[in-house]
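What follows is a pair of complexes built around subunit A, which joins subunit B in one and subunit C in the other.
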Partner chain A sequence: MEYKVSKHAKLTTIILVVVGLLSLVAGIAMDHNHHGVSGRLWANLLVDGYFFFTISLAAVFFLALQYVSEMAWGVTTQRVFQAIMAFMPVGAVVLLIVFAASSLHMNHLYHWMAEGVMEEGHENYDKIIAGKSAYLNQPFFWVRTILYIGVWMYFANWFRKNSLKEDKLNLDGAVSPVYKKAIIKGVLFIAFFAYTSSSSAWDWIMAIDVHWFSTMFGWYAFSGMWVSMMIVAVVMVQYLKKNGYLKEVNSSHVHDIGKWMFAISCLWSYIWFCQFMLIWYSNIPEEVTYYVQRFNDYRGLYIGTFFVNFMMPFFILMSRDAKRNGIFLIPVALIIFLGHWVDVLIMVLPGTMFEHGTLGLVEIGMFLTFLGVFIFMVLNALSKAPLQTKNHPMYDESLHLHH
Partner chain B sequence: MKSLRHFTQYLKKIKNNYLDILTMSDKAIYAIYDDDYVLLESAKHLVSKGIHIRDVFSPFPIHGIDPVIGLARTRIAMTAFIYGMCGVTLALTGMWFFMIHDWPLNIGGKPNFSILTNIPSFVPITFEFGVLCAGHGMAITFMLRNWTLPGFKGRNPYPSTTDNRFVMEIHAGDSDLSAEEIKAFIDETCVLEIDEK
Partner chain C sequence: MHKEAAIREPLILGNPTYTDISNDVLHAIENKPTKLWKVLMVIASIAAVWGVGCILYLLGVGIGTWGLNNTVGWAWDITNFVWWVGIGHAGTLISAVLLLFRQKWRMAINRPAEAMTIFAVFMAGMFPMIHMGRIWMAYWVLPIPNQFGSLWVNFNSPLLWDVFAISTYLSVSLVFWYIGLIPDFGTIRDRATRPVQKLMYSLLSFGWTGNAKAWQRFEEVSLVLAGLATPLVFSVHSIVSMDFATSVIPGWHTTIFPPYFVAGAVFSGFAMVQTLMLIVRKAMRLEQYVTIKHIEYMNIVIIVTGSIVGVAYLTELFISYYSGVEYESYAFINRFSGPYWWSYWAMMTCNVVSPHLFWSKKLRTNLAFTFVMSIIVNIGMWFERFVIIVTSVHRDYLPSSWSMFYPTWVDIGVFMGTLGIFSVFYLLFLKYFPVLAFNEVKSILKSSGEQYKNMSDEEFKALHPVFKKDKK
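Moving on to the complex of A and B:
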């Protein structure tokens, strides 16, 4: 069945973008920070670019995981995950613009890129940062950034293109050659992603607080992007089913995706807490600064997100019936989606805006604008292909999923 | 009142399930199969004839058999949650009493006068204890409900069902049919052997 973007959906995306932009303009006009509003805008571009780009990225990961684990149940929803990947190009462009502006000193997101930080004798010289210069230097940073984005997008493109190609094959009962190749590609992607999901989080997010480091940070960012993507998938499946699409998806599929959202919420909470608890417990000055900043200036948002993102899914989605029912799934999903966005916000703002960062009109406006574009890109990609794959060897098994 | 009625029904069910097994008041008919899928299809056939299948013994869980023989969904998950919450409460109360209230312990300079400010250091133990209680409570409940705690006499009528046989247990008293009629219906399926004891 082909999906068509409804007028209602188009209107919603336009309203989101317009409201977002209005709120952004109002926010800029009302900003009284004496440093000017540009730093705040750049920080928000990084927040939303990273948040929505990594949602798409996690969809590539989940698709690869489906191939590698020879997962059968997910085949009927595979096109949804493929559609979520569609935001990647836009997100990549936004991120590259932010990084290019940082490199050209148009913003000051990354203190290690500032002039003279690594030069002995310069007034900006910082011994600790200079000690990290083997890794944190402009050429290597750009090599890594281009490599991550290029390789990830190559795989995303490959999975999508070959899945569409697979539909057109005439197999006569033979196992699809695309499927066999996709398993190998999946293994390669996951091996690459295992390293780069962590190192990209260091380069793009952790390097903001350049004096600080956490060995758990990569996992923290990774679980955050994964759960955000699962939330999008849950909402998309519910939306499509409500509009009469995805008839092949039964309550067991809904249950399975709900379980993933529940499970990865717990993974995220676990890592959030581990990172916090170990640093809190050992109480080493150079480590706790990260948390001192967040507890002093962002206490409500910071602790609030943890409770919302952990307690809500944990208690509401624990029962089997709740995970099969849109009435429970959708509200929880939407609230923790905001929760995980705030989580990324609190990863970035304290290191870039210091005590001036807030959750104000600029932040909300930028979020709504990105959300509108994201929804448009995803629905648009969804309408480009049939909602069910053909010739996937495990399609029949997925149709009869029942538990 | 409603819950009382449920409870009496539940007791009746337990009585039906266990009493005549223990007292052997009622003869059971056993239909023995050598394949799980054949048993599943046969069970569907028998149920459609109005025969109540009291239990199925098999070496491994047979997918989809529960709704066919009319088993209600397990409530073991609910008990696991309750046990887990008991564990969490017990752990927090215990640590509050031992380490804050009764004898404040100063470990690494962490606040030792209030449970709230010191909660992060209690979370790992609380979590582990919750899991421990949930797991053990669930296992014990499960074995008690199945009457398979260590030392209990096995209720398995044929030891071969732990190897390669699949057995249905049917009681003539559970439906309106006589034992002979039931056996005739079982004979229509691909049964290996019909036994009565």
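Moving on to the complex of A and C:
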């Protein structure tokens, strides 16, 4: 069945973008920071660029994982995951603009890029940061950034293009050659992603608080992007089913995607807690400053986010029935979606806005604008191909999923 | 019913009937022990007795008989503890996590893996207890109201969390394992001919009837226990890692420890399952049920968890540089170039480099190679704990406190002893317990058995007239 973006959906995305932009303008007008509003805008571009880009990225990972682990149930929803990848180009451009502006000193997101930080004798000289110069230097940063984005997008395109190609094959009982290749590509992607999911989080996010370090940080960012992506998948499947699409997806499939959202929420909470607890417990000055800052200036949001992101799915979606029912899935999904966005916000703001960061009109406006564009890109990609794949060797098994 | 994708390889080879499956699995229980079993039992018993002797000597004379000193206060004891408790994780992962993931291949290996878990946790639990020196006071770790004055456990200490985590883990694993055994004990009881045997298995089977209601409850309980055991897979080794990571010792305090310890535990556990299963499937002629595909799947788990561990090692190494903390950097430089460089490189070779040989399909489906690899990984994971524990502390902040650790014969004897005691338990299990969950294996025969997979839909339906009706 082909999906068409309904007028209603188009209108919604337009409203989101318009309201977002209005709120952004209002926010800028009302901003009283004596340093000007530009720092806040750049920080927010990074927050939303990263948040939505990594949702698309996590979809590539999950698709690769489906092939590699011989996962059958996901085949009937494969096109949904492929559609979620569609925001990647926009997200990549936003991130590259932000980084380019940082490199050109148009913003001050990354203190290590500032003039003289690495130069002995300069008034900005910082010995600790200078010690990191073998890793944190402009050429190497750009090589890494371009490598990550380039390779990830190559795989995203490959999976999408070949899945569409697979539909048109005439196999006559043979196993699809695309499937076999996809397993190999999946393995390669996951191997590459295993390193780059961590190192990109260091480069783009952890390096904001440049003195600070945590070995767990890469996995923390990874679990966050994964759960945000699962949330989007849960909501999309519910939305499509409600509008009469995805008839092949039964309550067992819904249950399975719900389980993933539940499980990865737990994973994220586990990693959040371990990182926090170990740093709080040992109370070493080099490390604990990160949390001290968040506790002093962002306490409510910071602690609240953790409890909401952990407790909501954990208690509400514990039961089998809840994971099969949109009435439970949708509210939880929407609330923790905001929760994980706030999580990214608080990864970025304390290191860029210090005590001046807030969750105000600018933040909301930027989020809504990105959300509108994201939804539009994803639905648009969904309408470009049939909602069910053909010729996937596990399709029949997936169709008959029942548990 | 007959809907499993054709490209999935069969999980039961040949053409066994339900009775064949029971016969094959119960052969060991219903017959006299083989010569191989007896020989292994004698060897294991000697090691076990030697180990018990060493432990008694240790308890009599004191912890000073170990090679510990003021600087290196933890060494082989805690290394062995972590190694054993880590090995246990594979059993829980197979029985609980793979159940939740509906992996049918777990059916052939869950029982022996769970047995391994339980015996490994026994061995692990012993080390902290003998480490106390006065083992008769071991119950002091429990928060029991008492009249000893101000004696109370320290809830702030991860060592106490360990007590709770591991005892919970042991209880849940034991219940899970036992519940799984009940239907199989029922079958053994029904087939037993000797009265004593019949009585014993009758008691063990809790009056299992095998009717539909019983099976339905069985499945529900399994699912609930799997749900409880899954967080335990994470919590136990996370808390073990916190024994180190909550400290301020460079090399011990690092935030990635909890998930990385869990991955390492699964890694070492699967290696141990491979070591055991490769012997068991051959000696007990279970090749039809524990197929090359099973071995391959386990090897893939080994590559994945080994790679996670590899990423974590490199992350730690990188951050030790990136942090700019002098002590942090030194801890790692000392690891790979200090006096214990050989243990670091043994760990790196065994855990990070060698599992990558499994990328080759030829190698990961080769039994002899897999066996050698499983031993290598077991050794590598032992060294990992040794590296973390000893090399992080042996060079204290003050060079005047620098020291080395040399194991004594008691250190070695206790470790060898645990291998022996573990093997004795395991051999008894192989002789008196149904070594595969054969009633569960039967449940996948018609979806994943070779002869059924090769059938056309028509042939399958002809065998099962009931399916003719649902033809739309």
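The rule is simple: the second predicted complex is superposed on the first by the 403 of 403 C-alpha atoms of A that agree within 3 Å, B and C clash if a C-alpha of one lies under 4 Å from a C-alpha of the other, contacts with A are read in each partner's own complex, and residues count from 1 in each chain.
We take it that a contact is a pair of C-beta atoms (placed from the backbone, for glycine too) under 8 Å apart; a residue touches a chain by one contact, two chains touch by 3 or more.
Because the structure is a prediction, the values reported are computed rather than measured.
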Next on the checklist: Based on the shared subunit A superposition, would you classify subunit B and subunit C as clashing or fitting together?
Outcome noted: clash
Checklist entry - What is the contact status of A:Tyr281 with respect to subunit B (first) and subunit C (second): first, second, both, or neither? => result both
Next on the checklist: A:Gly326 in the overlay: touching subunit B, subunit C, both, or neither? Say first, second, both or neither.
Outcome noted: neither
Next on the checklist: Which partner chains sit in contact with A:Ser214 here, subunit B, subunit C, both or neither? Use first/second/both/neither.
Outcome noted: second
Checklist entry - More residues of subunit A in touch with subunit C or with subunit B? => result C
Checklist entry - Which partner does A:Ile128 reach: the first (subunit B), the second (subunit C), both, or neither? => result second
Next on the checklist: Output check: A:Pro89 vs subunit B and subunit C. Expected answer is one of first, second, both, neither. What do you get?
Outcome noted: neither
Item to check | Partner chain in contact with A:Gly304 - subunit B first, subunit C second, else both or neither | outcome: neither
Checklist entry - Where does A:Glu70 make contact in the superposed view: on subunit B (first), on subunit C (second), on both, or on neither? => result second
Checklist entry - subunit C clashes with which stretch of subunit B: 3-11, 111-119 or 147-155? => result 147-155
Next on the checklist: Considering only the contact definition stated at the top, list the common interface residues of subunit A for subunit B and subunit C.
Outcome noted: 277, 281
Checklist outcome for this item: Per the touch rule, the subunit C residues reaching subunit A in their complex are 3-8, 100, 102, 231, 234, 238, 242, 245-248, 253-259, 307-308, 311-312, 314-316, 318-319, 321-325
Item to check | Footprint of subunit A on subunit B - complex, ascending | outcome: 64, 77, 81, 108-110, 120-121, 123-124
Item to check | subunit A residues touching subunit B - in the complex, by the definition given at the top | outcome: 273, 276-277, 280-281, 283, 318-320, 402
Item to check | Parts of subunit A lying in touch with subunit C, wherever the complex brings them together | outcome: 70, 72, 128, 131-132, 134-135, 175, 191, 194-195, 198, 202, 211, 213-219, 259, 266, 270-271, 274-275, 277-279, 281-282, 284, 286, 393-394, 396-397, 400, 403
